[in-house]
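Shared between the two complexes below is chain A, which has chain B as its partner in the first and chain C in the second.
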Partner chain A sequence: MSEIDLVEANLALKEIHKLEGHTDRVWSLAWNPATGDDGHPATLASCSGDKTVRIWQQGPSGSWDCTAVLEDTHNRTVRSCAWSPCGKLLATASFDATTAIWQQVGLDFECVATLEGHENEVKSVAWNPSGTLLATCSRDKSVWIWEMQPGNEFECIAVLQGHTQDVKMVQWHPHLDVLVSVSYDNSIRVWIEDIDIDDWSSVQTLSKTSCGHSSTVWALSFSSGGDRMVTSSDDLTMKIWDTTKNPSEVSGDGNGSWFHLCTISGYHDRPIFSVNWSRNGIIASGAADDAICLFHEQKNDLVHGPSYRLLLKVKAHDMDVNSVQWNPKDPNILASASDDGSIKLWQLTGLP
Partner chain B sequence: MPKELINANPVLHGKKERRARSESTNIDEYAEEPIDQQEIFDVRDIKDPEHPYSLEELNVVSEGSIEVNGEMNYVRITFTPTVEHCSMATIIGLCLRVKLMRSLPSRYKIDIRLAPGSHATEDAVNKQLNDKERVAAALENPNLAEMVAECLAPTFA
Partner chain C sequence: MEPATTISTDFLESTVLLDQTLYDEGFRDGYRDGMDSGKEEGREVGLKHGFQVGEELGFYRGCVEIWKSAIRIDGNSFSSRVQKRIGELSELTENYPLSQPENESVQEMMDAIRIKFRIISANLGVKLEYEGNNLTNASKQDLEEI
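The block that comes next holds the complex of A and B.
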């Protein structure tokens, strides 16, 4: 994809399905990574202010149906959801201070574990690439790392302190056990396990002094190769970071291994809540201006370093867009979730 | 409620005369009703969290502190707490936001800010009031929700 000259392409983002059922704002979406190919119909999980999680599946005719509603477990907003890499477990993080682990049994989902420990709202949950570790973050300013034990037991192996305000999102590097957290304190923190002391620690903080954000950082996403990261903020910008160097292989001389490459600004005029990098290199962003933007790297500017150009901007929903997620199997399908209570599936068309 | 009032002796201001609402003669219920500043100024009847007075009587909000843009679909309110270290500022801001969220069509974007220089921790309060995740979480807190409901009660009279 990156080899294709997108300047010549006549791109469009076409709405192909609208999934309705949630009775409050939809906060977050997650594609099941083990679905969407032979014999496994594409599956999407969504979570909402209505305290439920819904499972959506593509039927044989191509239609999308809600096949399960996960309710009566969380008693407050469900803020975030994430499938384990094998697609067998779904983790859901709630304002009720807990994280629930669900396992599919036939068509139903059974809550097999509840992770308690955060003092208040859990805002995000993420699995590491191997599916053995789970990270959660909260308004209590901490990030917790949980290790999966046999029999669906989860043991907290680290409580990471460092952020000075609530932590909005956690996400793992796609290939390494490197964890990134973003916060209301405007900073991005990078965490790794220090084998010598058998504990996790913050190896880098990307803040305003490192060309970082000047307000709340809402989201982050890695490129599929893991060599770049994009973050989005209340400051109306997105930032691209070079993450080529493995932070665990850099000596602790105070100079971080990751650095700012460029800033994308001027496209959204309200806070940018979600950002997601597709397998073929297109960055999608969703914001409080009800719009989705798509960006791609501009390859021909060698003088000023990397830059990203807008491919298109669409008014996607009637209200704020809270989450945008590319389908991992079909990188031309994008899902979006909104305050208007709906989820939309989009097809990127016009690629040469 | 705190035992000691934060501002024990607030200065009171008069209430502006209420404009009589014209009965809607519009038969087409789908027609978009224009929203004006006067209508949004209903927020003046919100009760102060610690006094039995309205935000208008305490001069926390005035007609001039409300900016409505019907074309761009936004409403911006600046409010002035009675004292500059008022810990009730976030509650007042939350009340303003909830009142507008419930009365305006959902396409409207709402910004609530303190009047510049009116509060010791102005930036922190502004940031919190405009973080929708924090607002959503606050409104799920029964104590806060109750306080907000109490302050909004007079606006439904």
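The block that comes next holds the complex of A and C.
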């Protein structure tokens, strides 16, 4: 579905399930990439301030159950979780400065590795497209890259320094080994491996001078094709970036290859903690105003370059929305997590 | 007014200039005492700081020596990537300018050594940390909740 004629659409975001069980705020969600594949029920992982990770699955009747609780490993808030691309491993990042790797064994999950190295709270974890590398970032201002070795061993291959404050999130490009990090220092950094020196370095920094954010950048999400990226911030805006050019192919003349396309503002009046771009090109945002907004690109001849239109805004939770994630297989299903301790599943209806 | 070049035999002069004389004397005494206590304090701070740097650097060099010995005994002790990093750490600790305390890049160099050490110990799976009276351990106290 590439072009949606949304002008006549009668769109609505309907709450279809509410998952309760966590005893503290839910920080982050991750859909298992194998969700919906033959034999695999829809599976969602959630992590919380209650120091646990919960695995939720949809049964044949359509109802959702919590099928596993991953506990007694982290001794502080679990802030972020991410499934490996094959769906067999789950990485969880915690304020206890460690990242744990879990593998499913029967109905249970076993912790098969613990990655230590950060000096303090780990904020985010992400797998590269091939599942061979894992990136973690922390309040200690650094980003670590780990390479998976046989036997679930992980070796730290690089420590990326450059941010001057807490790094909030890391995400990989959907098909290139390009890593992006966002921070409390208001900047977005792009990192790639330099084969000549066998090390990673920052090839571009998107800050105020490149039309970047003027306050903490909380989250980022790539479009499924990898040609666009959206970032969200404390400055109440979301920014869309053109990421078509491969940073590894740019001549080193100091000019970065990615640039600002447009800014979406005026729809949230509190910090925007999460953004996620669906396969259908719909951007979902979750913010401290307890709401979720959906946006889509508007082809408009009158304006130079693309602009994004609000499709709808719903009050989703009783408290801050910390994470919004589209189901990778069914792009009309959205999951949201909140400070109120609950996870909600939503269905987008009314699409033509 | 009296011309300044006349040889003064004015018996009142010393009285008139008493303020100034006493001021000058006080200044000289204060300056001298200040220099002495300043030097003393400087010596103490220098000794303390020098000791701290020396102790920390010595710690890293000690670890490097053990690791290098292990590699000499058995070349397969560590993965090639870790061995390369141990070599890099060894170079960094050798090049640290111990006799140039005023070299502006010493802080950066020490940070680079610390981070390289963290990566090696993370990859070896060991919880090794230089303790000392360390400024970098202050993070334990500030708990951040978001």
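Basically, the second predicted complex is superposed on the first by the 348 of 352 C-alpha atoms of A that agree within 3 Å, B and C clash if a C-alpha of one lies under 4 Å from a C-alpha of the other, contacts with A are read in each partner's own complex, and residues count from 1 in each chain.
The rule is short, and it goes like this: a contact is a pair of C-beta atoms (placed from the backbone, for glycine too) under 8 Å apart; a residue touches a chain by one contact, two chains touch by 3 or more.
This one's a predicted model, so the numbers in the text were calculated from it and none came from an experiment.
Contacts of A:140 after superposition: chain C is touched, whereas chain B is not reached. By the touch criterion stated above, A:288 is placed in contact with chain B alone, chain C being left untouched. In the overlay built on the shared chain, the residue A:121 is in contact with chain B and with chain C. When the two structures are aligned on the shared chain, A:319 is found in touch with chain B, with no touch to chain C. In the superposition on chain A, A:340 makes contact with chain B only, not with chain C.
In the superposition on chain A, contact is made by A:155 with chain C only, not with chain B. After overlaying the two complexes on the shared chain, residue contacts for A:194 are found with neither chain B nor chain C. Contacts of A:65 after superposition: neither chain B nor chain C is touched.
Within chain A, the residues touched by chain B in the first complex and by chain C in the second are 77, 95, 120-121, 139, 166.
Chain A contributes residues 77, 95, 115-117, 119-121, 139-140, 142, 144, 155-157, 159, 161, 166 to its touches with chain C in the complex. Within the complex formed with chain B, the chain A residues making contact are 25, 49, 76-77, 79, 95, 120-121, 123, 139, 166, 168, 184, 215-216, 234, 270, 288, 318-320, 339-340. Looking at the complex, you find that chain B touches chain A at residues 106-107, 109, 127, 131-134, 136-137, 140.
Residues of chain C that touch chain A in their complex: 79, 81-82, 115, 118-119, 122-123, 127, 136, 139, 143-145.
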